[in-house]
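Each structure below appears as structure tokens.
After this come two complexes, each holding chain A, first together with chain B and then together with chain C.
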Partner chain A sequence: MPIKPIPLLPKFQNGLGSFILQCKKITLQVDKAGGSSEGLRQFLKLRLNNYAISNPKIEFRIVEKHGHPIIKGHYINGREKAICIRNLNVDNVENKLNLLKESSGEQLRKRTNKVESINQSIRGIWSPLHVDPSIRHKI
Partner chain B sequence: MQSIIKSSSSSSSSVTFIRIRQFSTSSTLFNNLSNSNKTIVSEEDASKSAPLVALHKRLNLPNDYKLGTLTRALTCRSSRGNLANNYGLNILGKNFLSYYVNEYLLSKYPRLPLPVLNTAVSSYISTESLHNVGKYSWGIEIDETPILNKILNEEPKEYSLGKLRFLPINQIEETGITKLTSKSKDEINSSSAYALGVRSIIGGLYISTQSEDLTKKFIYDHIISRKLDLSKMFEFEQPTRELSRLCKREGLTKPIAKLLVENGRLSDKPIYVVGVFSGEEKLGESYGSSLNEAKIRASVNALKNWYLYKPLNNSVPSDKDYKPSIIDHGIVIV
Partner chain C sequence: MHFFIRSLARIQLRNTSRVFTSPITNYSLLANRTFSISSTKYNQTITNTTQDSKILKQLPDLTPLKLEDDLYAVIKVHSNPFLVTEGDKVILPYNLKHAQVGDVLNFNDVAVIGSRNYTFTDDSIDPSLYTIKAVVLEKTKLPMRIREITKRRQRKVRHAISKPHRTILRITELKLK
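This part shows the complex of A and B:
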């Protein structure tokens, strides 16, 4: 066989073709009596219903447990993000939930390149050999 | 204590699953062997499963796509319980996938050699590839919680309807324990189960909407939209020879390699840039640290330029305004 195929697996490009929200589940851990859970308790009472209806792609789970309140996001890539929301008021609880919702679940890291891409540069890599010979640098 | 909230305002209706029922009696796809006297999940029960509703919404499935169908797509034949399984949906989805992916690749790259075409198709729709789609793109979970834990957690029995159910191969081998019973033929590994699930969801989309266009769009959006670099899938054995045979077949002048630029011939790291020309026309160009290497690379480049030709008219036979593009002579025989 003159041509041998090399098997490769395609790479995902989320948002190209289809967009899948990466946060699939949010666990809200609440203490029934603790003072630090006051904001979360109010949130559960007043806003969670509407919040869940406006975010149908996410599953919400409430866990009752002693201690400070924690919200935890579960992501498609298998990672989890937990935020302690002790003593936060209702609005701040919602902000933290939005933060979990919009996160991709990837570990935060410093981006060193201005552009990150899985595609090759369209112009190609600059090559000194392809510069016009009349202006090429001569040693 | 845990309590579970439904993830959406459920549009739960007590309509049971009528459409599939009709289909199962009329079509051979749903053979009686696998699905007769199996229970079909009602919409009311299915809408109580938060992961199921969330998955439905996450995939942007149309409202015609009943939650019961989604449950069925996630139930493999080997799973415990008496739920209707995805055996038929899987076959349907598999046919849709292979048709649309083959069609897409053949229309986009009409000169693609057959071995590369087959590999490219399986890159898109192989078990491993669909496992990646199900697990890392759609976020389908496996129903792994033991029954005892479900009871202890007071988990509603509908909750696990939104998870992938199958009989896994027990891979944990403990020393001193020999398994006497032979492996059941229904046991499958998780990647096959994911692939079954993904294919069945696609099959279910067609069954629910009865629309080939929607199914096609779904496949393009989720399966074909992934990036596959076909130019990295070639390995040539005798590129220079193959190129000269190709030129002979196409009636072009014999290809000649010409040195375009060079640098540092007398150093230990020389660079040569070689172009392959047929008459006046440049077929390909590449670099190398020896003249021979550069020549071979240039021939490979020329061959890839030929095989990866993309016609401007990129319509596929299932499009309404399809115009046939070129039909290739096929692979060069060396």
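This part shows the complex of A and C:
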């Protein structure tokens, strides 16, 4: 039986063609009476309506549970990001929500290069044998 | 083949600056010389734009580049150069505060546009020659680093925390007009 080569599948590159927001859902876990949930409770009362309207691509789900408040982002790549927001005020809660919204769900990692590319080099690899012999370096 | 702005300007300069005067031999002529008062005042700078604008209006002919398949460009963001092709991720070492995720950015400070066989270089290429666009993909951070700072003969250890911002763009469009 001949060995079949692995078929070259197109790689999905977000933004090429169309851009898709990677954060699809945010759950807000809140305690009804707890003191550490005070900021989140205020956020739900005052700002969540406008925030949800300005982000129509994201589903917001409120979960009532005893304990410290936690916000969780669910991403298209299947990962989750959870942040404990105990004792944070309204503005800080909003900042943390923005952080979830703006990330792609990828794990934080070191970035060594300025530009990450999967394209082949456009100018090609330099070869000493193709240089004009009159100006070629002679050993 | 194609006329470059810089080389044109250089040729013009060369033509105009080469004015040689013969050394003065007959000093009796000096007495008859008259001097007109300059119209420019002290500390006044005059920009001679008439000649420059004529040169600048002449856009270079980039037909050999247009016939090539793939292009690369060196774009500058706050004078920080990035060599990009279409579909590349650009990692900016800061938080782009005014751009939201999903926004499209237009680049207008480009130093180089080229292909495998040709390159076109300038200080900043006229933006009417190309379109380079990028989408803001995400705003993340690097993983948190904790550096221990110690001093000699002191037991105290200070922990310096750093978690710098990164903004990631994707080049969606790179073409000549």
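Everything that follows uses one rule, which is that the second predicted complex is superposed on the first by the 133 of 139 C-alpha atoms of A that agree within 3 Å, B and C clash if a C-alpha of one lies under 4 Å from a C-alpha of the other, contacts with A are read in each partner's own complex, and residues count from 1 in each chain.
Note that in this section contacts are C-beta pairs under 8 Å (C-beta built on N, C-alpha and C of every residue); 3 or more make two chains touch, one makes a residue touch a chain.
Owing to the predicted nature of the structure, the values given are computational and were not obtained by experimental measurement.
Asker: Should A:Asn87 be classified as contacting the first partner (chain B), the second (chain C), both, or neither?
Answerer: After superposing on A, A:Asn87 lies clear of both chain B and chain C.
Asker: Examine A:Ile118 and indicate which partner it touches, taking first as chain B and second as chain C; both and neither are also allowed.
Answerer: both
Asker: Counting residues of chain A in contact, which comes out ahead: chain B or chain C?
Answerer: It is B that touches the greater number of chain A residues.
Asker: Give one of first, second, both or neither to describe whether A:Asn95 is in contact with chain B, with chain C, with both, or with none.
Answerer: neither
Asker: Where does A:Leu129 make contact in the superposed view: on chain B (first), on chain C (second), on both, or on neither?
Answerer: First partner only.
Asker: Would you sort A:Asn14 into first (chain B), second (chain C), both or neither based on which partner it touches?
Answerer: After superposing on A, A:Asn14 lies in contact with both chain B and chain C.
Asker: Which of the two partners, first being chain B and second being chain C, lies in contact with A:Arg61: first, second, both, or neither?
Answerer: In the superposed model, A:Arg61 contacts chain B only, not chain C.
Asker: According to the stated criteria, A:Leu108 is in contact with first (chain B), second (chain C), both, or neither; which is it?
Answerer: Second partner only, chain C.
Asker: Give me the intersection of chain A's contacts with chain B and its contacts with chain C, in residue numbers.
Answerer: Residues 13-14, 16, 21-22, 118-119 of chain A touch both chain B and chain C.
Asker: Which residues of chain C touch chain A in the complex?
Answerer: 70-72, 82-91, 101-102, 114-116, 134-135, 137-143, 166, 168, 170, 172
Asker: Touching residues of chain A toward chain B in the complex: what are they?
Answerer: Chain A residues touching chain B: 1-14, 16-18, 20-22, 24-25, 48, 52-53, 55-64, 75-77, 118-119, 127-130.
Asker: Note which residues of chain B are touching chain A in the complex, please.
Answerer: 1-9, 50-51, 53-54, 57-60, 113, 115-116, 118-120, 122-124, 128-129, 132, 136-139, 220-222, 224-229, 232-238, 242, 261, 263, 271, 273, 287, 331-334
Asker: In their shared complex, at which residues does chain A touch chain C?
Answerer: The touching residues are 13-16, 19, 21-22, 101-104, 106, 108-111, 113-119, 122-124.
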